Amino acid sequence: MSKPYVRLDKDNAVVLLVDHQAGLLSLVRDIEPDRFKNNVLALADMAKYFNLPTILTTSFENGPNGPLMPELKELFPDAPYIARPGQINAWDNEDFVKAVKATGKKQLIIAGVVTEVCVAFPALSALEEEFDVFVITDASGTFNAMTRDAAWDRMSNAGAQMMNWFGAACELHRDWRNDVEGLGTLFSNHIPDYRNLMNSYSTLTNKQ
Amino acid sequence: MSKPYVRLDKDNAVVLLVDHQAGLLSLVRDIEPDRFKNNVLALADMAKYFNLPTILTTSFENGPNGPLMPELKELFPDAPYIARPGQINAWDNEDFVKAVKATGKKQLIIAGVVTEVCVAFPALSALEEEFDVFVITDASGTFNAMTRDAAWDRMSNAGAQMMNWFGAACELHRDWRNDVEGLGTLFSNHIPDYRNLMNSYSTLTNKQ
Amino acid sequence: MSKPYVRLDKDNAVVLLVDHQAGLLSLVRDIEPDRFKNNVLALADMAKYFNLPTILTTSFENGPNGPLMPELKELFPDAPYIARPGQINAWDNEDFVKAVKATGKKQLIIAGVVTEVCVAFPALSALEEEFDVFVITDASGTFNAMTRDAAWDRMSNAGAQMMNWFGAACELHRDWRNDVEGLGTLFSNHIPDYRNLMNSYSTLTNKQ
Amino acid sequence: MSKPYVRLDKDNAVVLLVDHQAGLLSLVRDIEPDRFKNNVLALADMAKYFNLPTILTTSFENGPNGPLMPELKELFPDAPYIARPGQINAWDNEDFVKAVKATGKKQLIIAGVVTEVCVAFPALSALEEEFDVFVITDASGTFNAMTRDAAWDRMSNAGAQMMNWFGAACELHRDWRNDVEGLGTLFSNHIPDYRNLMNSYSTLTNKQ
Amino acid sequence: MSKPYVRLDKDNAVVLLVDHQAGLLSLVRDIEPDRFKNNVLALADMAKYFNLPTILTTSFENGPNGPLMPELKELFPDAPYIARPGQINAWDNEDFVKAVKATGKKQLIIAGVVTEVCVAFPALSALEEEFDVFVITDASGTFNAMTRDAAWDRMSNAGAQMMNWFGAACELHRDWRNDVEGLGTLFSNHIPDYRNLMNSYSTLTNKQ
Amino acid sequence: MSKPYVRLDKDNAVVLLVDHQAGLLSLVRDIEPDRFKNNVLALADMAKYFNLPTILTTSFENGPNGPLMPELKELFPDAPYIARPGQINAWDNEDFVKAVKATGKKQLIIAGVVTEVCVAFPALSALEEEFDVFVITDASGTFNAMTRDAAWDRMSNAGAQMMNWFGAACELHRDWRNDVEGLGTLFSNHIPDYRNLMNSYSTLTNKQ
Amino acid sequence: MSKPYVRLDKDNAVVLLVDHQAGLLSLVRDIEPDRFKNNVLALADMAKYFNLPTILTTSFENGPNGPLMPELKELFPDAPYIARPGQINAWDNEDFVKAVKATGKKQLIIAGVVTEVCVAFPALSALEEEFDVFVITDASGTFNAMTRDAAWDRMSNAGAQMMNWFGAACELHRDWRNDVEGLGTLFSNHIPDYRNLMNSYSTLTNKQ
Amino acid sequence: MSKPYVRLDKDNAVVLLVDHQAGLLSLVRDIEPDRFKNNVLALADMAKYFNLPTILTTSFENGPNGPLMPELKELFPDAPYIARPGQINAWDNEDFVKAVKATGKKQLIIAGVVTEVCVAFPALSALEEEFDVFVITDASGTFNAMTRDAAWDRMSNAGAQMMNWFGAACELHRDWRNDVEGLGTLFSNHIPDYRNLMNSYSTLTNKQ
């Protein structure tokens, strides 16, 4: 393989949060709810921490699909927010694509509900326009594992890179020395095992 | 990736339902029976809803493989129905291929029992003739997950796109505004969680 | 063991359907949704088929818990329907207990959402008053398998008998000769594998 | 615990094979089919090996439930064979109970399909009449693990002992010296891992 | 069963949180970490909400077992806090037992890490002294499911009641009318699916 | 995809059975033993049924790896049998490669124990020499599912086609009319669910 | 519950290791092999650490069942070692029972292969003679989880206490102050997660 | 496929062990701890056995990530040991890359914790520089199976070969005759099932 390794670059990445709405969340059964909620908020905190431009979009939020997770609205009060009037594929909505292109970024970090539709459709559309697409798999959910596997297969075959929020954060950060405390706090807030390590560590080192 | 994203197009798609027969259904153990039955009927209702040409075929239906699910016969009384005299790969049956080609469609939406034979064989044959093939994974079943994984690998490597019926319906519909009620009814009839959302929603909004 | 085997008796049994409401149903994750919906409707159809007195109750149905599954209301238009104003344990509601006692039956067939609360609490209360309690486990759901296991342990230790709807139907019916067609239809409508058997059978026997 | 340990005794045991019929077998999904078929045949071979009186019974074998596994008929050509005209609980059939009592045995080794009905009902009835009941769990099958768990709970609470065929064979045999080759052959024929051990062993010891 | 149903009573219950320490938490593998952390905090919030006396204890907190989860210390700054000098069974520590008895309560709600030791040992000791013991299973964790099953079996056989925090909260509260908002907030903070229901509900009802 | 679909052709295929030895079989834990034994024998019966040239090979059969499954030796008394003196990759053994090439076939159907070594190594070597390789996944076994997944990934990326024995048999047979009874017998002997279908069918059709 | 809590007491306990033989170990599939080997050695080290009398026994060790794990022989060179000539239930062997009774202990800590035979049979026999029986579940193995569940049910109903080696070690030790280092070493050698905690701890505390 | 099969070659391979640190190990939940520890030590022993140059590296070992597994330090006292000051991707550390290139090897055998970061990042970087990369999947661990699957997909798509330590050892060794005893010992020390085979074998062959 001689083609370059496409690495996430915090100066060239935008985060797309697609349809994390109260009703649709109740359809997600391939990830346990406590974990899924935590992952979505972790991705949002990551976007915030790295100051990545972030775009929110919803589908039919006044109907049964329900309102966007209020935590996301609060975290990104000034982010472009596209309440799509009907387009299922967010990329079919001109405002959404304009908002993406307005950032000037070529790397799309995308997550949403449900994976095979709200994530896969815009991912496939964006790949076709030569964007680099990074799917945050653990902040995306769907009906069951079989459906998820099929959606991953389709996106991966089209060139998307499958990641988790933790891997994305590490690839964006590159070097702990850029900010130990910030990244550590992000991890401590969203990875209980890591928080335990930090609690044990700080107890022991503070003691002396 | 510069090759275009091949999207399902309701004006260019045909649905192939292969060997959903009473006997063969008893072989399916990679999906729980209540869910599988629901998925097959959902795919059939989807075909009906989008007015997609639909072709039914069976293998040895007078033997132990048993009769076609009667619900499918009832839904598509006028569809081409090819009771294959012996060909295991439906694509080896001239009448079946003729029926497919007579539709003039280039996108094949296929599901059947069992996945690695009744779906994979015609899918591979059709890909070779440059059709676009979309496998509806959750309306296709087989002996166990390991067999399914192998069948998916073979089809995906040959260029088939792996989908679920819900994803296919969303890709065909494109925009809720084309018909909110119709699509909503399709989902409500086959996705209990969605039905619950709609029941709660309509109760609350009717009340006022 | 010399104590008599307490068998379900269709002349001495009442069915209690507790809190199968649209919102609460979205909490159920120990059973796959297609299967759970089917089981609840199967239990209801069973109650209907055996003409068992049936009592419906809900908790806070105007709030987020949501409305009762409409299918249940339709099946039992004349059944006692107790919309509890606040009691979590249905047995704490006088109207509910009165409705149960008014039937004069000593065998309670109970199912509900969620298992460890809406089923377990009235089951434990009724056992204390010397009712025989039969929990329909597969028409009762909760957050996860671990929670279900704990709830079963508590109810079983208190004397409840754990059953599935199919077992209950068989124990109530006693002998196929009482009505082959009726019971067969109940099974065919709610057990896809059984329906397949019947379809194959009737195709073969009608043919001759 | 001072009550005596009720051990299987080959002079006091009878084997009851209930409803292992072709149609009903297709309902069994709590055990993988290759394993289940092997277990049922192992139990039958065990009954044969220990010369235990064995009773066969079926439910509606001319209908969709289908014929008894032909291997069982062949193994026990002279065994009482009660084709029940309608009773779901075999113990409700006088001929069946008479056949059991005619053996004069007090230990019932029972297996069947489906567990919560065809096994549990006669097991509970027999326990009430002070028989000792040993359920062969791995030669009994049903719709899913949840249903099995409930059935086991009901039978265990009523005093049944839950065993597998291998444990029963060992408890009946007591001492390898009673017949090394016979028991070894039984295990080799039905436990692939044991057969491998024996193949390796005999290759090495024959060689020298 | 004529013995009374022992119901949790908020005027007669005390909460015992045993060894939820950073190091020990890393041993817990029978529950996913996000869910486990949430459950422990939910139980603590429940204790707070119902103003139940609460007792904290740790084992060797200056060694590898690590410090108590800081969130627990913060929630209960004035609770008895017994850092055990060595006793593995908290009930072997006089101060702990005194603290329990000082509350005058007879119902012990207990959770801890690891289940078969830190929970089971004091549970068994307390049952012997005729306390009623309610194990909060989902706020207790251990190495794997097999170990958990054995621990439950031992405690259940000795008379402990197995519950989850949600069931305990419901049994303590008895009637929503005692405080709808308070209980609703507790649930919304710790049950993502319930939070979704409430978000959808309040969006729809506020709108009008 | 314009490259032709490489279909199994009974006139161009050879079966390679690699290291199905008693000792090595005890390492297989990604498939349940009853099922695995059945699959290996099914593949062997398939080879026999289609008269495919078959080659047996073993690794160190006089050591702990143990003797070849005796059933295989009996089925193929005249097949080339290469007891490799030490080569782990069978393709590194000249006699083995010669035996393969002597058949003149270009399609290799391969299975063995363990998957990532005894199957993958010769598969990769043969692909490099432009053979078409069909891995019979369910007659190949290894330590666990994770190891299997990695082995499949490596072989699939190199161009191998992943199949199960049933799929291979269907692709080789092409048309039931070539021999209904023969293929049906093969399936009946190795697929319990299929045997059940045939038993029910023949009972019903013989009856009239 | 007023009957006393039967606690393991290091002055009143004996360890019985039954049939951990090379051949039989290959039958164990309810626990992953690395974990199982570790658990058996942990139990043995525990017996050694607490100086508990320990008794070894084997079944047919010159046949396919194979030799005892050599590590056990090395750890207990002077322990009674009963190579049973044929009795399947070790308690049927006089020498074994004599060896047990010679210790004068009333608490039997037992583990073996396979659970439902080599463990359950002597456990049930010993319970009948009023011994207290503690089954070390994770150092006992069998064919699959279903078989294990049935064996546990039978033993638990007869009064056995189900434990894991870690719980037994904690109950025997009572108080860390009896020997911190010894118990810590036992845990570090057999619980990788605990070893990690200790490594982190000692690195941090040594550093200062 | 005409491109050559890239086989591991013991004269051209280097082993990279990345971040197997006490703290990070507690994050690994996609492999059971006993198995994971064994796999890591097996890989290390394999590197030693084949005299492969080996490079150790850690991330922030003085913080919560904790010290390297001491066993690794002891096995490779003279290996390059790069304690990275902050770079998350080891390939971003010049000393690490220099150490790799100094070996002159083109085949990188890599394992680490966590898979999607500490393994995937240097793997992708090295592939870009035309190294051949072999990921030892079972000596690499991460948060859960879903995360692992995504990491494998990314690495596999970039050209990495996914293997287990056993497969790598077999591919490096090529022929048992190179050293039967050495390889056998490596397997016996790390594969309990293989050790059992060898124990049975040597007992039987020594006896005569």
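As written, the chains take the letters A, B, C, D, E, F, G and H, and residue 1 is the first residue of each chain.
Heads up, the rule we're going with is that a residue touches a chain if its C-beta (ideal position, glycine included) is under 8 Å from a C-beta of that chain, and two chains touch if they have at least 3 such contacts.
In UniProt terms the chains read A, B, C, D, E, F, G, H = Hydrolase.
Keep in mind that what you see is a predicted model, and the values were worked out from it rather than measured.
Visitor: So which chains count as neighbours of both chain F (Hydrolase) and chain G (Hydrolase)?
Guide: The common neighbours are D, H.
Visitor: Any chance you could check whether B-C or C-D wins on number of contacting C-beta pairs?
Guide: C-D
Visitor: Just going by residue numbers, which of C-D, A-E or G-H has an interface where over half the contact pairs are the same as at C-E?
Guide: C-D
Visitor: Most remote chain relative to chain G (Hydrolase), going by C-alpha centroids?
Guide: Chain B.
Visitor: Rounded to a whole Å, what is the gap between the Cα centroids of chain E (Hydrolase) and chain H (Hydrolase)?
Guide: Chain centres of chain E (Hydrolase) and chain H (Hydrolase), defined by C-alpha means, are spaced 41 Å apart.
Visitor: For chain F (Hydrolase) versus chain H (Hydrolase), what separation do you get between their C-alpha means, in angstrom?
Guide: The computed centroid separation for chain F (Hydrolase) versus chain H (Hydrolase) comes out at 31 Å.
Visitor: Determine the centre-to-centre distance between chain A (Hydrolase) and chain D (Hydrolase), using the mean Cα coordinates as centres, and give it in whole Å.
Guide: 54
Visitor: Which residue numbers or ranges of chain E (Hydrolase) touch two or more of the other chains?
Guide: Touching at least two other chains: 23, 26, 32-33, 66, 191, 193, 196-197, 200-201.
Visitor: Which residues of chain C (Hydrolase) touch chain B (Hydrolase) once you look at their complex with the stated criterion?
Guide: Touching chain B (Hydrolase): residues 22-23, 25-26, 32-38, 62, 66-67, 69-70, 191-193, 195-197, 199-200, 203, 207 of chain C (Hydrolase).
Visitor: Help me check something: in the complex, which residues belonging to chain H (Hydrolase) touch chain A (Hydrolase)?
Guide: Spelled out, the residues of chain H (Hydrolase) in touch with chain A (Hydrolase) are 23, 26-27, 59-60, 63-66, 85-89, 92, 114, 116-117, 120-121, 124-125, 127-128, 130, 143, 146-147, 149-151, 153-154, 157-159.
Visitor: Which chain A (Hydrolase) residues qualify as touching chain G (Hydrolase) in the complex?
Guide: Within the complex, chain A (Hydrolase) contacts chain G (Hydrolase) at residues 197, 200-201, 204-205, 208.
Visitor: Residues of chain F (Hydrolase) touching chain B (Hydrolase) in their complex?
Guide: By the definition above, chain F (Hydrolase) touches chain B (Hydrolase) via 1-2, 4-5, 7, 31, 137-138, 152, 156, 161-164, 166-167, 170-171, 173-178, 180, 184, 191, 193-194, 196-198, 200-201.
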